[in-house]
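Take a look at these structures.
In what follows, chain A forms one complex with chain B and a second complex with chain C.
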Partner chain A sequence: MTGGARGAGRLGLGLTLVVFVACLAISLAFGPASLPLDKLLEYIGAGPGTSEPGGVIFWQIRLPRVLLAFIVGAALAVAGVILQDLFLNPLTDPYVTGVSSGAALGATVGIVLGLAMLPWVTALALAGGFATLAVVWVAARRRGRIDIYVLLLAGVTISYLVTAVISVLMIRAGEDMSAIVYWLLGSFSGRGWEEVQVALLVLPIMVVPLFFTNEMDIMLQGEKRALELGVEVERAKRVLLIVAAALTAIAVSVSGVIGFVGLVVPHVVRLLVGPSHRRLLPIALLGGAALMGIADLLSRTLVAPAEVPVGVVTTFVGAPLFIYLLRRRRS
Partner chain B sequence: MGAALISVREVGFSYEVRPVLRRVSFEVARGDFVGVVGPNGSGKSTLLDLIDGVLRPGSGEVLVAGRRTDAYRRREMAREVALVPQHFALDFDLTVRDVVEMGAYCRPGAAAADDAERTLARLGVSDLSERRFSQLSGGEKQLVVLAQALMQRAQVLLLDEPASALDVSHQLRLFDLLRELNGEGLTVLCVLHDLNLALHYFQKLLIFSEGEVAAYGLPEEVLRPEVVEAVYGVRAFLHKHAGRTYLTFSPRPRGRRLGRVHVICGGGTGSGLLRELVDAGYDVSAGVLNALDSDEDTGRELGLPMAVEAPFSPVGDEAHAENLALIEAADLVVVTAVPVSHGNERNITAALYAVAAGKPVFAAAGLPDVDFTGVTRTLEGAGIRLYADTGEVRAALDELRATSGASPADVGDADGLA
Partner chain C sequence: MPTTRPRRLRRPPLVLASAVLAALLLAVLSGCGSASDSAGPSPSASAGPITVTDDAGKEVTLAAPAQRVVSLAPSNTETAFAIGAGAKLVAGTSYDDYPEEAKALPKIGDFSTPSVEKIVAFEPDLVLAAGGIQEALRDKLTGLGVAVYEVDPTSYDGVMEDLSELGRLMGVEGEAAAVVAAMEGAKADAAAKVSALDKPVTFIEIYSKPLMTAGSGSFIDDLVGLAGGTNLGASAGEGYPNFSTEVLVEQDPAVYVAMSGSMGEPGDLAKRSGFADLTAVQSDRVYVIEDNLIARPGPRLAVGLRKLAEMIHPEAFQTQ
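On to the complex of A and B.
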């Protein structure tokens, strides 16, 4: 990387951090009950034991929900970067591997069985996600290597199959049907510290791809060229696939299936800072978190006290932004 | 044997069921400069992938620096062998410098940035370093990928048709550079299609044919016309010109005999026509020519039957008789605009002989202008056709074949005599 590019990268990261912190503060401050910004520090200082009404809202409702949104947004964005680059396919998102469908099936089974509470829903969603990955993995394995195109096709196929199974379960679910639909749409509503604890698992996992930035850069030239330049391509693919699947499964298990962030954030960030992963990964992580935080804020304030599904908001925010950036780049 | 840097031993390889290489064995010593040639689909690129360990042999083994390629980690292999692939796709917006620096991946801790600058400078493309790779021309990309490969600091450099996207100046610069790097100890194995480049630049050539080694050795020894003909299925001719040896090629004649043409020429007036007729698949003879005459050179390089006289000597009885015999065997005779003097006026006599023998005879329209004897006037009333362009001769040959069926040699006397 050149001095100039390195400077630009640092500037980009700095700017993203500023945006990230601003989004975090705004997300914490606003909601059905607005908390004044200058009081936030006070609440934080007072600790979770506070009995002041604002402090209780902050600690028991607002903070866990905002943290969860930020963590899920970060996880989906990082998974999106990994998968788009692994598949060398710009239309890839964390959901094409079938992992999210599998996780959704797990959660649906949980709801049908009357286990719609922690830790069961999360455990079943994780199990469903990883079981799907295993199936897709076996389908794509050939002479000791993972055929990435077979993986993509198998993932999409499995997604359809699993979705069909979910539909059957929904039809038979009777009064649980609305619970399933609500869960599938994805939401941070009513989520608390238990979900945050589960979601925190993604933090150490998100660190792993940061050790593979060189490999990921080189693999943009295709697997064969990466092999020629000395990359253990199969090992890198295995690690990165498992990382992406784990991030996706965990995210889905605590929040349902929230679309668009994992597809668009990597593109937006790539347009802004280029494809080099040393910059792309951390900025996409912060950007995904910030976007999801703002989306959740809008979802709970636009028609308060009712909520707009957060997946709808991510799309409404993300789509125009993406189109704008694509056009700007063309000219 | 232990000195070989690359040993390919009895290697067989198939994609699925299609065999690509069959029992290939050869060795490359440290510091060798080897060109690999062969028809499309003969297994050259596969061979490079096998040496680099990207592919594993189905049978046999490949050793690099005495160690089987499958015993290498990829990073170790990248420090031994660098490869410049034929095709290179990168659709992302990386700068040239980013791309070049990736070559240093196999050397952790290397000062990649400085090395990248130096490597680009060495290839004479420092100005590209800030450009986007995806916006470069094909030739520029080729040089950048070479720079990337050189960043590996490997002792072996494999190249797969590096010249195919380059203009002639970049081509020569590339091969000169490869030779220079080879002089500094780099072992080079380069697949290429241009047999003349192969002939001029490389110390050794490996000729591949249908997945087997057809020949391996010094360029002049292995690129003999008969080897080229067997491997590529074309006729090949060696020419010496301006101190170098060149190969030129003609399509292989398609079974059927097209007919035989005798060309009376000299002083370079016939070379183009001789080659044109050979390329078109005719049997061609020429005479009488003086030895060392440039038409005589051409005829010799094309392997034509000729009536030849000693240098700077007038046409003697023996050469003249030979010329008449060649005319007898021909279906058509052409006289080029060869300057006629007392030394070669017998060639005009030979043309008249051809007319008398019932052969169609064509003479260049410019012939009388270069006649210093006046002897060509005798041709005027004899029924000779003048041509301004060799296309007219070709048309007459086509006509001849059409009217006479399979054997133009049987054409009746009437044709040439008006």
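On to the complex of A and C.
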């Protein structure tokens, strides 16, 4: 790494931090209930115990929802970076590799069994996500090593299979069908501190890949090269896969299935700051959080007091941005 | 205490994708609004062809009262049984659960994916469809010579009109008239008790995650008005919109009615973030109602209306 690149990386991280803080502030300042800015500071000063309507709106509804959107966005973006670079495939995201379908299946089973509340849904989503990962893993094992191409193919296949199982469950569920449909659409509506508490679990998990940035950088050049350089590829792969699965499953369990962030944010950040993971991971984390936060802000406010599904907004915000960056890079 | 009325906002233009998505959701809910004006000829039939106009505005003509009827929605099945035409049903949907006899009917599939082949195999002379996604079936079925009546009312009165029309089509005008009279009675009874009272702001919760309510132009919205309340959800647009939790707390409805049943149970509202300080929660005005009583366009709306009126205006029913 040259000194110039390092400087650019530091600058990138600084800029991203500024954008992140700005997005957080905007998300907290605006919402369908119009709280005047000077009043808002008063409510914040009054602390979470206040029973004044404006204070309740800020502390009990807006703040937990904004935090949840930021945490889920960060988790999905980090999982996206890990999976894309592990599979050396630009189209990979948490939703292609079977992990999120598995988590979705777990939660769907929860709805059918009448366990659609925390912490059961999280436990079932984690179980579903890890169960899918285990199946894919076993399918891809050759003499103690994981073949990433087989892993990807098996992941995609299992993903389709699990989605089919969810469809069957939905038809069999009859009356629960609408609840499953809404859950699969993904949303931060109606979520509160309870969900935030569960989502906070992803914070320590997101730190883990930061210890593997060297391994990830080297693995980008292919496994053979990594082995030649003496990198413990298998151990890194195991840990990173488990991290990506856990991040995805926890995110899915609190917000349902929200697409696009995990796919696009890693690409956008890679286009901006390059593939080195020491920069890529933290910037993708902050960028994913900011994008999801702004997407949810739009979801809350565009047609207030009604709401637009957040997955629709992430796509509308993310797709043009992505296309623009791709074109800019080519020219 | 809430003194502000919800502002009646014009429905903002939606982006195309969310409109498509909303249409899909509406279809799932069987909501989709359409004109329910039925200006068919006055009922005097006993001989000769019967012609009525359904909720899609299409004329439906039968040479003689239907003898073999297929229902494509639980509400239609329920209606047929209520007006004494249950024996004419040859098939229903896998979701049919009321009355008890309906469960024993042969099934043509579920609500969203009825199969034309299966329907035709029952050789029906009349198919009772619902609105939304089922509209696509109409052309196929009418092309095969099967009469289709689409039931898609948007108001309590629209439901009564459908009952009368179905009574004529199935040759059970008398029983249908009796059911309609009972529904008229429930409406008049509610009006007598609540029309002079103030109209407290009422929130109808269809689902909690995401928070979903009944918007304007839905028959649930109509029911809330008939029961003497002001529907907060009407400010969020038509159909069954998601509703902002922030605005819910800001507007602070006096009465909160949560539906239970197909979408799950509402649970303890006081435990939800930000709900504990709601006036409705503080003053113990949170009620749970079985969804089939207010969400199904059928004869049991009379029961639903009575229950809603008791929830919104308990003071008017105390001496009963």
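Keep this in mind: the second predicted complex is superposed on the first by the 322 of 331 C-alpha atoms of A that agree within 3 Å, B and C clash if a C-alpha of one lies under 4 Å from a C-alpha of the other, contacts with A are read in each partner's own complex, and residues count from 1 in each chain.
Definition applied: contacts are C-beta pairs under 8 Å (C-beta built on N, C-alpha and C of every residue); 3 or more make two chains touch, one makes a residue touch a chain.
Not measured: the values here are computed from a predicted model.
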item: Partners on chain A (chain B, chain C) - clash or fit; value: fit
item: Which superposed partner A:190 touches (first chain B, second chain C, both, neither); value: second
item: Partner chain in contact with A:306 - chain B first, chain C second, else both or neither; value: second
item: First, second, both or neither for A:232, with chain B first and chain C second; value: first
item: Touched partner set for A:64, first chain B, second chain C, both or neither; value: second
item: Chain C versus chain B, contacts on chain A by residue; value: C
item: Which of chain B and chain C A:167 touches, first, second, both or neither; value: neither
item: Minimum C-alpha separation between chain B and chain C after superposing on chain A, in Å; value: 35
item: Chain A residues contacted in one complex by chain B, in the other by chain C; value: none
item: In the complex, chain B residues that touch chain A; value: 52, 54, 73-79, 82-83, 85, 88-95, 97-99, 101-103, 105-106, 113, 129-130, 148, 152
item: Residues on chain A engaged by chain C in the complex (per definition of touch); value: 31-33, 51, 53, 56-57, 59-62, 64-65, 111, 114, 116-117, 171, 174-179, 181-183, 185, 187, 189-194, 300, 302-309, 312, 315-316
item: Complex interface listing, chain C residues touching chain A; value: 9, 12, 14-15, 17-18, 21, 25, 28-29, 94-95, 110, 112-113, 207-212, 215, 235-237, 241-247, 249-250, 252, 261-264, 267, 272-274, 277
item: Residues of chain A touching chain B in the complex; value: 1-2, 5, 88, 214-215, 217-218, 220-222, 224-225, 227-233, 270, 274-276
